[in-house]
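By written order: A, B, C and D. Residues from 1 in each chain.
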Amino acid sequence: MGARYNGAVMADPNFESRVRASFGRQRVMTTIGAELVSVAAGEVVIALPFRDDLTQQHGYLHAAIVTAIVDSACGYAASTLMPAEAAVLTVEYKVNFLGPAEGRRFVAHGKVLKPGRTLIVTTGEVVAETDAGTKSIATMLATMMTVTGRGIAG
Amino acid sequence: MGARYNGAVMADPNFESRVRASFGRQRVMTTIGAELVSVAAGEVVIALPFRDDLTQQHGYLHAAIVTAIVDSACGYAASTLMPAEAAVLTVEYKVNFLGPAEGRRFVAHGKVLKPGRTLIVTTGEVVAETDAGTKSIATMLATMMTVTGRGIAG
Amino acid sequence: MGARYNGAVMADPNFESRVRASFGRQRVMTTIGAELVSVAAGEVVIALPFRDDLTQQHGYLHAAIVTAIVDSACGYAASTLMPAEAAVLTVEYKVNFLGPAEGRRFVAHGKVLKPGRTLIVTTGEVVAETDAGTKSIATMLATMMTVTGRGIAG
Amino acid sequence: MGARYNGAVMADPNFESRVRASFGRQRVMTTIGAELVSVAAGEVVIALPFRDDLTQQHGYLHAAIVTAIVDSACGYAASTLMPAEAAVLTVEYKVNFLGPAEGRRFVAHGKVLKPGRTLIVTTGEVVAETDAGTKSIATMLATMMTVTGRGIAG
């Protein structure tokens, strides 16, 4: 039978080690200093400490760096539900920016909203950790695709 | 009177030097190796040579790096139409990825679709330059905002 | 002082009657048979019984009718937080369709995610009521705008 | 061999009659008074005369009715490139509203941007015809899906 997530069969019980290995191959994550915080069925968390060299013109984290961690969190959240031999592809995403990306550390939560055979709809949120507490700075709605048989995986 | 763009008065004749200076302060652009190719009224082009350390797990440029250059291109396209003392803010964007981000160089074109007093709607495209020619790999639809009086500009 | 919603001052204590009156003037809602179920601070619910003459080619409710009720729900959710003399405008929205729009009745929940002075970010969900239970068929992420001083309200 | 559109083989030479028949089964189009203006490979145009009973609270056409015609135009634009036995599904769309939907008649142009085997990315525009000329009032970026083997077509 296998485990299920929101009605979908979990195709790969070893999803965590597979996602962790794939994250390790996302060289841009190392470049920007992002770390994989947690991997659960349908939910992945990625964190990024603030860095001066990733900012836009006002000294905040650039919107696209905020997008980078939440895109990867959403993509890997989708990937946890895929077969071991499948690759995950970002079809499209939309992000609303809710406030300036200022803080010491940014945490992106990606979550599967609707698992489908071919397409997986995910939502993501990025929270900034500041001296005054945490605040939500971005929300993502993204469509991910399961790709098989193209000689790529992960 | 002043120049006009698509019916909107051009508020700042010196937009090009202002945009170039602001781009120089977007430290993430230096970090990833992006360069400002051209700045015209309502249209900005940014290019990025391929780099191994900006890739996702299959060796293509990460979707968020593709997003980074087209977000900045769209934001600065909007900025060209703004008053000198205004700052441009990305309200939200949507990106569709049209093919794998493989190539020697990636060129993002940002363009104003609809200039408004407060909100400016922009469209962007990213083209990959490969040995076999160029191909479109991403399309963006983004909402930018003119912000004044918050002590920030550019 | 006034009531607050998620950190924002509630500008109009009589928001419910104002929203109900405005909904009554949305003639398309009457045309398609939608009804305003509930109006709370930052949250509005609209329902629509299935009707054969609102379908697409496979007999399901047309995606844009699903969009109609959740757009109005999100717009009015934003409107509950606005001053009495302001008008709400849909800047843009994105909708993901999660399954076929089949059912006896469709219920759209609109909710404010981030209230701003000018822009209000909202999320919406549409649930289909079927003989077998309820299921989520669409999710919306939308940007609404507060417009004042243009001689329109509601 | 067959005809090609933007690199994709045209799978069904009789796409026009197929799309016209399917449009005839979209009962909501009859309900709102929309008409199919033209069907070409990868491009479909749908028009809608203004009607009082499709308005929002300020007397303009409701955003979702604007969305209805451009969603159908984009969906059928994608459908022209699909096999005869396939059905087209709207995966998701984003719409930016560029101005009030006022006018005598509204014309939606849907166009294929990127044809893929499973997913087809489309763009749409809605133009309002007024006494003072035409103006663009909405732009759409949408993902359509080719569905086969589920017992539905068109």
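Here is the rule we go by: contacts are C-beta pairs under 8 Å (C-beta built on N, C-alpha and C of every residue); 3 or more make two chains touch, one makes a residue touch a chain.
The model shown is predicted, which means the values in this text are computed figures rather than measured ones.
Q: Need the graph distance between chain B and chain D over the touch network, please.
A: Minimum step count, chain B to chain D: 1.
Q: Sort the other chains by how far their Cα centres are from that of chain B and give me the top one.
A: C
Q: What whole-number Å value describes the gap between the mean CA coordinates of chain B and chain C?
A: The mean C-alpha positions of chain B and chain C differ by 32 Å.
Q: Between chain A and chain C, tell me the centre distance in angstrom, where each centre is the average of that chain's C-alpha atoms.
A: It comes to 29 Å between the two C-alpha centres.
Q: So what's the Cα centroid distance for chain A and chain B, whole Å?
A: Between these chains, centre-to-centre, one finds 23 Å.
Q: Could you list the positions in chain D whose residues touch two or more of the other chains?
A: Counting only residues that touch two or more other chains, chain D contributes 91-92, 94, 96, 121, 143.
Q: Please give the residue numbers of chain C that touch chain B in the complex, ascending.
A: Against chain B, chain C makes touches at 91-92, 94, 118-119, 121, 143, 145.
Q: Any idea which chain B residues touch chain D in the complex?
A: Where chain B meets chain D, its residues are 94, 96, 98-99, 113-114, 121, 123, 136, 139, 141, 143.
Q: Inside the complex, what are the residues of chain D that reach chain C?
A: 22-23, 25-28, 30-31, 52-58, 62-65, 67-68, 71-72, 87, 89-97, 152, 154
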